[in-house]
Amino acid sequence: MRLLFLGDLVGRTGRTAAIEALPGLIEDNAIDFVIVNGENSARGFGITEEILRDVLDAGADVVTTGNHVWDQRETLVYIERQDRLLRPVNFPPGTPGRGAHLYTARNGARVLVINAMGRIYMDSLDDPFAAVEAALEACPLREVADAIVIDFHAEATSEKQAMGHFVDGRVSLVVGTHTHVPTADHQILPGGTAYMSDAGMCGDYDSVLGMDKEEPISRFLRKIPTARFAPAEGEATVCGVAVEIDDATGLATDVAPLRIGGRLAQVTPPFWPDGKR
Amino acid sequence: MRLLFLGDLVGRTGRTAAIEALPGLIEDNAIDFVIVNGENSARGFGITEEILRDVLDAGADVVTTGNHVWDQRETLVYIERQDRLLRPVNFPPGTPGRGAHLYTARNGARVLVINAMGRIYMDSLDDPFAAVEAALEACPLREVADAIVIDFHAEATSEKQAMGHFVDGRVSLVVGTHTHVPTADHQILPGGTAYMSDAGMCGDYDSVLGMDKEEPISRFLRKIPTARFAPAEGEATVCGVAVEIDDATGLATDVAPLRIGGRLAQVTPPFWPDGKR
Amino acid sequence: MRLLFLGDLVGRTGRTAAIEALPGLIEDNAIDFVIVNGENSARGFGITEEILRDVLDAGADVVTTGNHVWDQRETLVYIERQDRLLRPVNFPPGTPGRGAHLYTARNGARVLVINAMGRIYMDSLDDPFAAVEAALEACPLREVADAIVIDFHAEATSEKQAMGHFVDGRVSLVVGTHTHVPTADHQILPGGTAYMSDAGMCGDYDSVLGMDKEEPISRFLRKIPTARFAPAEGEATVCGVAVEIDDATGLATDVAPLRIGGRLAQVTPPFWPDGKR
Amino acid sequence: MRLLFLGDLVGRTGRTAAIEALPGLIEDNAIDFVIVNGENSARGFGITEEILRDVLDAGADVVTTGNHVWDQRETLVYIERQDRLLRPVNFPPGTPGRGAHLYTARNGARVLVINAMGRIYMDSLDDPFAAVEAALEACPLREVADAIVIDFHAEATSEKQAMGHFVDGRVSLVVGTHTHVPTADHQILPGGTAYMSDAGMCGDYDSVLGMDKEEPISRFLRKIPTARFAPAEGEATVCGVAVEIDDATGLATDVAPLRIGGRLAQVTPPFWPDGKR
């Protein structure tokens, strides 16, 4: 089974690049399942229902989020009817929407997607390890799910790596989001779980986190806010990670990054039909 | 001019891998200058004078550090006589050692190395932007220095990117350390400065930050310390970044990661004699 | 019903002052129930079983703790047989010891004591609000408990005040600990719950948090650790809060601070036999 | 010399209470100098020039601020012409306004007021200890200033106490602000400096930090913002600290809190004409 995950869409340039790239990527490479983190797709802050629909129409099966999930107020309402939009699973009980759900891939496989959020240097949510454990117990790999992906939206590399090891052998892929910078530590952990600390954003890399760089730099230097943050508008790099999953075990047999367009070094998974090293 | 930077050496496996790799890398590729971050080389915590000598003997021209610089108490003393060891430049006035210094490379070029530390999610030091500005004013590119490298030891990608843009066009390379995970966002910024958010550690990537994974995972799960942290002992990946610097401008003409050995995907700079894509 | 709570005992001077003061205070003022926070009683870090016994022998009915609870490793073991020692209730499931328990006071009243820990600027524990809610549901005021006290070990005044309002009318007293500084905001909230943001420590107030002031000041100035932290040894002020609880409602009818000995302005509850304004 | 300091004015109820109380307090007690922290006086966020004038007209000699100083954009402009408004002294060089200034009291004494901001759990500013040291060197007690007051706007009690000891014997008063809760640790330190960790706010104490309690409580429980923060509107307690300063030494001879109106226990300095214990 072939799966693609794209990191945080940032602003118009990031979401447009992802939306334009997805149909071709899916068709050319026979991708079975696509997950996209959309928490910054609406001018950098949250996601509207209209943007969600556009991303799903482009071929995403699931859209995950993170700390910015409620930046657009309408999300608190429409998330109840949009079961392809996930918010972090370790929000308090009673939070609108869902944090983990079982979907059916193009190849008929059942894919459990879990969206969890870290706590180191972030808001004080419920324990993401316990929340992930509960989601896995409810829907174990090979028993209920054919593949399991965790989008671990977190800041600290320690927490991300700990999550990877915690579920190693029990999920297909743990991929981090939130730092908006792709990491080069993609690997298959000893137990068979593919891991990458951060997928990186889909956005303009001549920026600070995908936002126009002037205001953030000014705040670091002067400690005075003088303008709102707005997304940078240069050409985006579509950043993500691709995984080949064994149909029998649900574990990863190959993992590699995808980076196309924009300023970053271009790379496509070598195990894809149009892959190149 | 050809420059190599290696990220945080973690424990015996990390420093041994780097020490064994450096002489061959330098000779085979005619590297003019080598910088290594050594803040975790002594069992994960700080650096002893003996280890410092070993790293310098292996071919490093400068050893940088970070928040762990004083973990070995002797460092407060011996740093005064070791001008090839840097500690963050934005420590308070009166701190032993130095945070920026001008060195001579194998090719005769004068290289200014600045070691600065971020403040987001870290200890409250003096302003790294102001400290870097002061160091650059004292020793400007093309006037005093032929090349300038900043090791920005920081947690947050926002602060690292802001630093990159802040000095773009005024230094040869800004490379981050501290997260112990290599990023894949190496690029030459619009003004000509090579940039990479984190070089990654030289250490065992079947770990949490290069440390044996059991105790950190246990602390995330149980919130109780039960043992000391100790470095993992599996084969290390030597992680770093290579830069080609224009002799006339001091700016970067090429930048690429280096990752050899251990679990991560292997890569050597394509512009090196023994490079491969 | 008359209840006394003493804040964090810090080191020998703090615990000795509390141990010497308690028997007289209890007898002279007919105090029915005494709670003491002991998390810093063993040289500033944690509590040994021997010190716990001394504090209980002096008249404490319950000893609460906080983030320093496990500083003495033996506590992980002996807490299982010491049901008068509480650790924060919002540690993960499976943590040794207990975080809430029902005790019988000298007057026969059943007193529920809950020890919870805040998350703002502190470690990432489970939700203290949810944990307190669960403890209250298991043992409601007037149905099971005649009085309920929450020691909310937290840093931020916002979180402490929010906890006070959250349980207002459902518990007898919410008192904060951890900052080691007594607050002067003791009041009875609109619903009848006595509240005080911090009880203050029992320790030497010519110090930094009860610890010898030289090393902490040096670290603020120089950003270099040069010695271990050790408790200050000057005369301690015994700091706490006294509450009068209505037997019928379990709510507070009066609340006032206690501060005796040492450097702080002396005050005893005006509603006590030996009280003075 | 008789000096009064009032803590953070929060919203209409807080600033009105302070403005109405000041003229009578000053006249009845022959107060020579009044400092008020005004950082939350404009609907909880910052201070407008109109409110500044009202507070000065009521008798304040200086208005200090903190992290909320720039919440009202106009402050960046008008602070340049208002030398009785201070912003934290450890903002970066080039910041509008001033952080320390010498004023003349009603009795002719020259009073240096320094407004500094802590860094623990707060934004990453320049070193407040170094900034205070520089301000004191420029204007030492007994040589240039007859009295010196530091408003240390900080979160952590450790940093506040360290500042107190750092300047002990060199200033008349160190008083903390920012937590919006008055502390009961007022004392004269060994060197003669009056100290109090926090003056407390002038605001409604049936609230969370002076703001209407519903929204903050909801955010702690649900982790979802659903409304803006707005000041609570109940009767405010005017909170502050009074100091008697020796004309010859500039050091404190007496220190006591002031709390009048609203929900907190009422107290006026016993050494004032209308003081009562």
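Per-chain residue numbering starts at 1, and chain names A, B, C and D are given in the order in which the chains are listed.
The working rule: a contact is a pair of C-beta atoms (placed from the backbone, for glycine too) under 8 Å apart; a residue touches a chain by one contact, two chains touch by 3 or more.
Small disclaimer: the values here were computed from a predicted structure and weren't measured.
Compared on C-beta pairs in contact, A-B and A-D come out with A-B as the pair having more. Over half of the residue numbers at the chain C-chain D interface are used by both copies of the sequence. Look at where the CA atoms of chain A average out and do the same for chain D: the two points lie 46 Å apart.
A separation of 29 Å divides the Cα centre of chain A from that of chain B. Counting partner chains per residue, chain A has residues 92, 221 touching two or more of them.
Chain contacts in this assembly form a complete graph, since each chain touches every other chain. Against chain A, in their complex, chain D makes its touches with residues 70, 76, 91-92, 94-95, 123, 125, 221-225. Within the complex, the chain B residues that touch chain A are 121, 129, 155-159, 161-162, 165-166, 179-187, 189-190, 197-198, 200, 205-209, 213, 216-217, 220-221, 256-257, 259, 263-265, 267, 277. Residues 92-93, 119-120, 124, 126-127, 130 of chain A are the ones touching chain C in the complex.
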